[in-house]
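What follows is chain A paired twice: with chain B in the first complex and chain C in the second.
Now for the complex of A and B:
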């Protein structure tokens, strides 16, 4: 499989083969995840629960269950917060139904996208998108952003440790902590901005600014049914969101909320 | 493709990574009630223009929510990509207007511009106070909010205004830079717009919950009598202006500390380095 290089480019790799999901192009999976998440977000309630359940079932089938479970655990603070806000405070309505509806929407949006990136390396998705005409500048920005996150977080942690070693108070009163903002943010941001200059020069000498399209050598699974499926998913998403927006305009009641009783 | 466009394209992923690193690592280290996840977006907007800022903001939230694995991921950030895009768009507009340019107070025109901006903010504050905070009844009539939330809303309003006044005084009398006051005004305006855009997302998509420290503020407003939408809006009107004022001031300080030759190579760079 392809990997994202440090400069944000996508390194060439052998033809795509994915356990359990082989034969489905990354861009078709993206369409499936986006349409499922979009419909779950727009409709909430039982639609959202169906999308989340579908995502969980697919994860079990395709082998992304561990990452999906971690993503679900990551939602735990939100769930507890939602219950505390909506179920235990008397003012303003809400209640358990609001908390559950919010949770269902959140799961519906999060699980399909998490599953997508659990079974599809980002480099494969970017290469497939580029092969289908996505501008290489967009591919570069997406790829380079993904490659830059771990390094920048490490550097931020390093700056924090270094400033603490020099006596910066990050545990004291809030005025002291406010004063610590610039010493923490300054070196990280200025270092990154200076680095932009070096990276830009490196890209220019590699003909990044040259006109024309890059030739993408990798080939991804494609067939008539995949094209049809993608169009159907796009149509379903557009139609579903339009119908949800039209409900209140037509004076029809909103879809039923999930109730625990 | 021009060299300045290449620099903007390189800056965008760097800014996305900065947003995520600052919004997680630094925010957690200092435990301040601000998000700190839009500094890269503001810098990109100011240096690269509104479109670059908008794309950086939206990409930050989408990558943070859906692409990064746990525990780095922040699942609730996704729908707020709209807010992040608006912040980037506004930052680009402020950059085009030259609001992030350093202007020493000894220059009378710059001082007049800063004082004019501060007076404009004071006039808006006085009008808002007269209309909304004269009495609980006026508050309910003019805002449509529950009068029981009057006291907590008044406190939130006072905190934001006090923070603006303190930071503007610091900029004028300690930093002696009139440009910092203009950056603060830009931050205040950005924060107000961000709060207005975020509130319906927080209320209707997530039931008022984000999983961050702001939930405690929402809980406090709810306990004081505000409805869910009112509480999320008031939390936003408290947190977002504070956050964006600090972020814009930090962006201003960072930009004023960069060599002029570095700034001048970005599309909006000339508006940051031209003499006042």
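Now for the complex of A and C:
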């Protein structure tokens, strides 16, 4: 194992694989995604479209077309329901323009985060956050939350296989599938709870609760410009959100909505 | 010496004693085996011997559990981790899921202690070498087989260099080759002065390693 020294050099030992070394540090990527998503959500309209388009262009440039398409597919039910609710039902009341605006905000929030995790392993982001002083418990909670979705999916697949082996029918017509869901929920929830307890104990036996600072093995070298860029992004986000809140208070017109015509 | 002196334990909220009064001693450099049918209290014995029960999980302990003369009830969980390592039988839950490589996963414990990076690297390399896991060092811990994950979890404990180890059915999910690796590692650890308490169904494994074997009987 190699160790990244404070000066950015690597101590003796086999090389430690450092994704992102020499490039954009994971925390800078996070700042970019959060500020883009936050501004898009706050302003909506063309700002949101610009953020979404920028994110999509970046994803395509980085070769993430497949993941982008999958993320888009995952959003499809939300998009369709938003369009239906706003455009056709009196309860929504906003019309197509409102539906498109909601869609643009949704894309502006989800695309940068999808892109972030497409190009940044969660472990790198966690390691970078910890190296910059984030508490170990916060890092673990964040890591556990990020691992929850794939973990649950994996566990669900195991439960489905086990229940099928015992004769449960989880395929066929929709009513049959819905009926098949019930025997899956119990083992999935109980299994998750047991695993959380086991994992907590496993952390204890690894001295997770030891006092003091943890040793940082990985640092992500970065140029001075990245620190400045992060502060600029934070400033942009805070200023942008503040301006969006202040506009109506000052009696100024709200930003123009996206119109389909 | 790791000592259980008529130690009995019941889990929080339970009126039933999961571990009846049990006495045993594990001296440095000795390997003590525990066998017994399912539900006989082997896992509970491991939790009690390592101090996690009741220090981390609550419940009630009667009798005494001492590690080198210190009652486990007086130790914090991070102190317990450095006195006595506990390996569970379920490999996946023992890995943190926070790391990209096996070597980082193994280094997790020493990092928690705030050791110097050089010391962490040395302990990690030694633990991997002891179990013959150098070839896994760069692998993603999330993509290991059950047997590999179990060995990596054991390496993570060894990196903390505890004087005592409690192994709860350590080879129940391993093939013959990996069982042999664990057995060899336990023999080396015992030769180096580590006291080991191991529960296992595999009689051959126990016979090969143990200086004494405790039978927990027919259970309830």
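The rule is short, and it goes like this: the second predicted complex is superposed on the first by the 178 of 261 C-alpha atoms of A that agree within 3 Å, B and C clash if a C-alpha of one lies under 4 Å from a C-alpha of the other, contacts with A are read in each partner's own complex, and residues count from 1 in each chain.
In the analysis below, a residue touches a chain if its C-beta (ideal position, glycine included) is under 8 Å from a C-beta of that chain, and two chains touch if they have at least 3 such contacts.
Just so we're clear, the structure is a prediction, and the values are computed from it rather than from any experiment.
Undergrad: Answer with first, second, both or neither: which of chain B and chain C does A:217 touch in the superposed model?
TA: So A:217 only meets chain C here.
Undergrad: Spot which of chain B and chain C makes contact with more residues of chain A, would you?
TA: Counted on chain A, the partner with more touching residues turns out to be B.
Undergrad: Go through the superposed model and pick first if A:177 touches only chain B, second if only chain C, both, or neither.
TA: In the superposed model, A:177 contacts chain B only, not chain C.
Undergrad: Identify the partner contact of A:229: answer first if only chain B is touched, second if only chain C is, both if each is, neither if none is.
TA: Touch partners of A:229: none, neither chain B nor chain C.
Undergrad: Report for A:185: first if it touches chain B alone, second if chain C alone, otherwise both or neither.
TA: Only chain B is touched by A:185; chain C is not.
Undergrad: Between chain B and chain C, whom does A:78 touch in the aligned arrangement: first, second, both, or neither?
TA: The first partner, chain B, only.
Undergrad: Kindly classify A:126 by the partners it touches after superposition: chain B alone (first), chain C alone (second), both, or neither?
TA: Only chain C is touched by A:126; chain B is not.
Undergrad: Based on the superposed arrangement, let me know which partner A:140 touches: chain B (first), chain C (second), both, or neither?
TA: A:140: touches chain B and chain C.
Undergrad: Per the contact definition in the header, classify A:204: touching chain B only (first), chain C only (second), both, or neither.
TA: A:204 sits against chain B and chain C alike.
Undergrad: Just to be sure I follow: which residues of chain A are touched by chain B in one complex and then by chain C in the other one?
TA: 140, 143-144, 147, 151, 195, 199, 203-204, 208-209, 211.
Undergrad: Going by the contact rule set out above, which residues of chain C touch chain A in the complex?
TA: Residues in contact with chain A: 50, 52, 56-57, 76-78, 80-82, 85-86, 88, 90, 92-101, 103-104, 107-118, 120-121, 124-125, 137-138, 153, 156-157, 160.
Undergrad: Write out the stretch or stretches of chain A touching chain C in their complex.
TA: Interface residues on chain A, with respect to chain C: 1-3, 5, 11, 13-14, 16-17, 19, 121, 123-124, 126, 136, 139-140, 143-144, 147, 151, 195, 198-199, 201-218.
Undergrad: Could you list, by residue number, the parts of chain B that touch chain A in their complex?
TA: Those in contact with chain A are residues 1-3, 5-7, 9-14, 16-18, 20-22, 24-26, 29-32, 36, 39-40, 43, 55, 59, 63, 65-73, 75-76, 78-79, 148, 205-211, 215, 218-219, 222-228, 230-231, 246, 250, 253-254, 257-258, 262, 265.
Undergrad: Enumerate the contact residues on chain A facing chain B in the complex.
TA: Per the stated touch rule, the residues are 8, 41, 67, 70-71, 73-75, 77-78, 81-82, 84-86, 89, 91-94, 98-99, 101-102, 105-106, 109-110, 113-114, 116-118, 122, 137, 140-149, 151-153, 155-157, 160, 170, 174, 177-178, 180-182, 184-186, 188-190, 192-197, 199-200, 203-204, 208-209, 211.
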